[in-house]
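Right, I'll just put the structure down here and ask away after.
We just call them A, B, C and D in the order they show up, numbering each chain from 1.
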Amino acid sequence: MAIVLGTAQYGKAETRVVRIVRDAPRHEIVDLNVSTALRGDFSAAYLRGDQRDVLPTDTQKNTAYVWAKTHPVDPVEAWGLSLARHFVDDVAPVQGARIEIERYDWTRVLVDGAEHDHTWVRSGQQVRTAAITVEPDATHVVQGVKDLTVLKSTGSAFKDFLQDEYTTLAPTDDRVLATALTARWRLTDPAAATDWNGLAADVLATMLREFATLHSLALQQTLWHMGTAVLTAFPAIAEVRLSAPNKHHFVVDLERFGLENPGEVFNADDRPYGLIQATVERDDAAPAGDAWWAFTGLA
Amino acid sequence: MAIVLGTAQYGKAETRVVRIVRDAPRHEIVDLNVSTALRGDFSAAYLRGDQRDVLPTDTQKNTAYVWAKTHPVDPVEAWGLSLARHFVDDVAPVQGARIEIERYDWTRVLVDGAEHDHTWVRSGQQVRTAAITVEPDATHVVQGVKDLTVLKSTGSAFKDFLQDEYTTLAPTDDRVLATALTARWRLTDPAAATDWNGLAADVLATMLREFATLHSLALQQTLWHMGTAVLTAFPAIAEVRLSAPNKHHFVVDLERFGLENPGEVFNADDRPYGLIQATVERDDAAPAGDAWWAFTGLA
Amino acid sequence: MAIVLGTAQYGKAETRVVRIVRDAPRHEIVDLNVSTALRGDFSAAYLRGDQRDVLPTDTQKNTAYVWAKTHPVDPVEAWGLSLARHFVDDVAPVQGARIEIERYDWTRVLVDGAEHDHTWVRSGQQVRTAAITVEPDATHVVQGVKDLTVLKSTGSAFKDFLQDEYTTLAPTDDRVLATALTARWRLTDPAAATDWNGLAADVLATMLREFATLHSLALQQTLWHMGTAVLTAFPAIAEVRLSAPNKHHFVVDLERFGLENPGEVFNADDRPYGLIQATVERDDAAPAGDAWWAFTGLA
Amino acid sequence: MAIVLGTAQYGKAETRVVRIVRDAPRHEIVDLNVSTALRGDFSAAYLRGDQRDVLPTDTQKNTAYVWAKTHPVDPVEAWGLSLARHFVDDVAPVQGARIEIERYDWTRVLVDGAEHDHTWVRSGQQVRTAAITVEPDATHVVQGVKDLTVLKSTGSAFKDFLQDEYTTLAPTDDRVLATALTARWRLTDPAAATDWNGLAADVLATMLREFATLHSLALQQTLWHMGTAVLTAFPAIAEVRLSAPNKHHFVVDLERFGLENPGEVFNADDRPYGLIQATVERDDAAPAGDAWWAFTGLA
C-alpha cells in the first residue's frame, strides 16, 4: 500500500474582470467573475514543494486581464475557450484547463426615455454561467444560469404522494411554486457553436415558458419538462442538469382570525427547503469527460 | 445617580409577507419583508419582567399577515400607515409604532412575447424601502431604495484633491464611477400623498438621470445633484439622505505587458471602498421627529 | 426656502488591516477591519465638485496602514484615538473624525499541547467593536461586541403577556432563549481609561453571567439586567445600548407521532425574529454628542 | 436517439435540528443542519408527475426531527447512518439515501470560572461536516470540516516558480499563509468505526499540526503533508480531499512613506484568491461508489 496524490487542480478564483468597450460613444460593458484552474502533473509541487512547473495563480490572474484586452470577451464562451487553450498550448506543464465564468447583466439607464450611452443599472438576480474545459483530447463547454428566481402563483399541485407514519403534509391542488434555479447545459460539439448568446437566451426562454405553462404536478415534473423542451429544441445540446430549491411559500392560517385565505397571503420561508435535482440527457450523448469536474463552488 | 431605561423598542423583524391578488386571471404579486416595532412605556417588562403591557412579537407577525389580507398592500406606504395606526390606536400601551418595509420587484415572464398571467421572475438588485413612523403627535413616511447598483464608464473625474504626506493616489480625468446606492427621502406631509408608487418611480428616474448626465468631479457632487434635483422636482419631499459606497473599479496596469489600457479593463474591487454620505434638505423643513429612528439594520 | 447640505461625512470603509508583531519568536496578530470618516465643512466638494479640501479616501486607507506600523494597534481604542486625532489635528479642513473598528479574534493552534508561536485559528462568532469619535470639543469611545451568539436551554419563560384578537402564542414556563447580541457601551471619559482590553473582557463576562444566571421572564428583562450589571460594576461606563434578535427555537410538535417533546427537539428558525432594543444609562451621564453617529452599517 | 432521465435525487435541505439533552441538570446541546436526499427510480414523478412513490420532503423533515428524539444525535455519523438506513429499509421505493450534516460547536459560558450547566456561546468559525451515503450494496461515511480558518505569520515561502510573459509576482522567502480549509476524509469501513468524535478531533489536530510545523514551500505542499499525515496516522481512512483558498495577505508598500515593512502590516484581500485542491489517497483504497455524490452545495 502506498499513499498517492489523486486528482488535483489549482488556479485563481473569482477574478473580477470588467471590460468596457469604448470604441464608439455608445459604450458596452461586460462584467465577469473569472476562475481559472490548471490540471496536469504538478505532483512535484505537492510532494516536494518544487514550483518549477507551477505557473502562479497571480500569473493566471494577469493573463485573464490581458485576455480581456486582447480578445473579445463577448461571448464569454469563445473568450474562455481562447484563454483555456492558451494555458494548455502555451504553458508546457499544463495538460488541462478549466475556466469558470459568471456574467452579471447590466441594463442601460433610461434618461427621458432614451437609453444612455455609458450608464447602466444592474439587472436581475440571475447570473449567466459558462464552464470551459480543455483536456488533452477533448474540449467541453457547459452554459448555464444560476439564481434564476421564478414564481408562479397558480398552476401547481402536490398530492397523491407516498405516505408513511411521519407524513403530515396536506395535499394541495393549488400552491405557489417558486425556485432559484440553477441550470447547466452541455454542448455536444463546442466547435460547432456559432451564436453563444443567442443560444443562452433561447434556452432560458424555453425553460421559462415550460415553467410558466406546464400545470405542474410536482417540481420534478417541471424540471423534466424544462429539460426535455431544451433538448428537443436545441439539437446541439447533449444534456441539461437542473438543481431547484423549492422555495416554500406557506399559506398563512387566517381561519384563526375568522378570515379565508384562498391562496392570497403567504409566508415565504427560508429553511428548510425541498431540493430537486435531475439530469435530462440524450441516450446517445457524447461522453462528458471532465466537463462536470468543477473548480469553485465546493462548500 | 441612578441607572435608568433610555430609549427602547421591540417588535418582529423580517416577516416575509407575500400577497397574491387573484381576483382576476391576471394575478398580481406583492413581495414584502415587513418589520414592526412598538414604542411607549414598556419599562415594567424590562425592569420586572412584567409582560402585561407587552403585545408579543408573534402577535405582531400575525397582525401583519391579517393586514395583508384585509387591507390593500399596494402601495406599501398606505398599508404600513394603516398597520402602524392599528398598533397605536387599538393596543392600549402602545404610544408609537415603526413599520419598515422592503419590497422586492418581480417582472412577468414573457411567453412567446406575451406577459404571463401568473408567472414572474425577480428583477433587479435594488430593493424599494418604506419606513412609517407613528408618534403620539406626528406621522412620518420615508420612502427609499437600497442596493441600486449603477455604473457609468465615463463622465467622472477625481483630481485637484487635498494632498498630504500619505497621498499616493493619481488624479484622473476619466474613471469608472459605480455605487450601490441607498437613498431615503422624507415626505413633509404623508397625509397629502396621493400616488406613492408614482412618486417613488419618478424620484428614482430623477436620481438616475442626474447620475448619468452630470459630469462628475466627485461622488460628493453627484450625490448633491441627485438630492437637489429631487427636492427641486418634488415639493412634497422635505429631505433626502444618501449613502453611496464607491465601488472601486481599478484600471489594470497592462503596460507591464506592452499593452495600453485606456479605461478598458478594470479590476472590480470589494474592500475597502470609499463611502460618501450626505443629507440634502430644505432649510424650512418640518421637524423630522422620530422619522429616522430605525429599527432594523443596526450592525 | 432654500435647498441646503445637511449632515455629511465621507471616508474609507472596511480597510482590512492585519498587523503581525514579530519582535520575538512568539508572534502576535491583530486582525482589524477599519473604517475612517472625516467630518467638517466639505460643502465645496458637494456643491461645486471642488476637491481642494478633500483628503482622498485612498489617503485615509494609506494612513491606516502607516498607523498600524508606527503606533501600537493593541488596544484598538488607543490606536483609533491616535488615528482620529491625526486627521483632526494634522489635516486642516477636518473638524471631526470617526474611526470604526472590528477586531477578529484568533487563538493559537495547539501542537502536542503547546501553543504555537506563529499559527492561529479563528475563534468564535463574535466580533469586538470600537467606535472613536473626535469632535472639536469632545472625544468619545464606544466599545462593543456584535454577533455574540449565546443560548440557554432552560431558565427562560414567556407568559402573562398582553393578548388581543390576533394573539395565538401559547405561554411557556420553559423555553430556549438564544440571541446574537450586539452591545455597545460608551465611556464617560475616554482619557481616563487605562486597560481597554481588560474592560472589554470584564464587560463581556458580566453580560454573559447575567444572561446565564437570570431566570428570564422576557428578553427585555435579560437586557435590562445585563445593562444594569455593567453600569453597576463599571463606573467608567455612561450607557449601554443593546440590540438582541430573539433567535427563535421552536419546540417541534412530536405528539403527532406519539412522542413527547419536553424541550428536547427544536427547529431553529431564521425569519422572522423578535428584535428587542434598549438603552440602559446613568441619569447623570455626560452628553453623548456625536458618539452614536455611525458611519458604516446603514442598510 | 431518445431523451432520458439521468441521475436524480431529491430531498429536504438544511433542516435546522437543535437537540437538547436534559436528563441531568448539566444539559448538552447538539446543533445541526441536516439535509436528506433520496435516490432510486423516481422517474414516474419526473416523467408523468406521478407522486405515488415520492415520500414528500416535508416527511423527510419530520423524520429528521423524530430521529433526533428517538436516536442519539451524538455522534452525528451514527445518527445519520441510522436515518439513512431507515429511508432505504423502511420506505419501499427508496434505493439509496444521502444524509449531509453540518454541526455547529458551542462552548459552555464560564460564570465565575465555572462552566454553566445550560448556557453556551457559539465557538469557532469552523463547521464539522458528515456525509452518509447508503447504496443498495455499500455504505459510505465522509467526515469533514469546512471554514477552518487558519493563518501562520511565518514559515511559508513561494519562489522558484514557473515564469511566463505574464508573470509579475515577486518571489518571497517569508509570507503569511492563510486559508479557510475544507477537508473531507472517507472511511474505508464505516461499520468498523467506534469513536467518531475522537477520530474527527484527532484528524483535525493532525492537520493543524502539519499546517503549523511544516516549513511550506507552497500551499500545495502543505495540503499534501496534511493529507499524508492523516492517512499515515489513521489506517481507517481511505482518502482525504482538501480544498484550500489562499486567503492572500499582501504586504503593504510602506517604503513610499519612508517606512520599512518586514512582514508586519498586511492588507487582507477578498478576491481573487488562489484555490488549491487535491486528493490524497491510498492506492489500494476501496471504491468510493457514490460517497462523493453531493446533494447540497451546488452553486
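In this section, a residue touches a chain if its C-beta (ideal position, glycine included) is under 8 Å from a C-beta of that chain, and two chains touch if they have at least 3 such contacts.
Here the structure is a predicted model, which is why all the values come from computation and not from measurement.
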Winner on C-beta contact pairs when C-D is weighed against A-D:
A-D
Let me check something: if the centre of a chain is the mean of its CA atoms, which chain is farthest from chain C?
A
Taking each chain's centre as the mean of its CA atoms, chain B sits from chain D at a distance in Å of 38
Which whole number of Å gives the spacing of the CA centres of chain A and chain D?
23
Express in whole angstrom the distance between the two chain centres, defined as the mean CA positions of chain C and chain D.
30
For chain A, give me the residues that contact two or more of the other chains.
15-16, 62, 66, 166, 168, 257, 270-271
Contact set on chain D toward chain B in their complex:
165-166, 168, 256-257, 270-271
Provide the residue numbers of chain D that touch chain C in the complex, in ascending order.
15-22, 27, 29, 31, 62, 65-66, 68-70, 106, 109-112, 116, 118-126, 148-155, 176, 205, 208-209, 211-213, 249, 252, 254, 257, 259, 261-270
Under the touch definition given earlier, write down the residues of chain C that touch chain B in their complex.
1-16, 35, 37, 42, 45-59, 61-63, 66, 90-91, 93, 146, 158-164, 166-169, 182, 216-218, 220-221, 223-224, 227-228, 231-232, 239, 243, 245-246, 271-284, 295-299
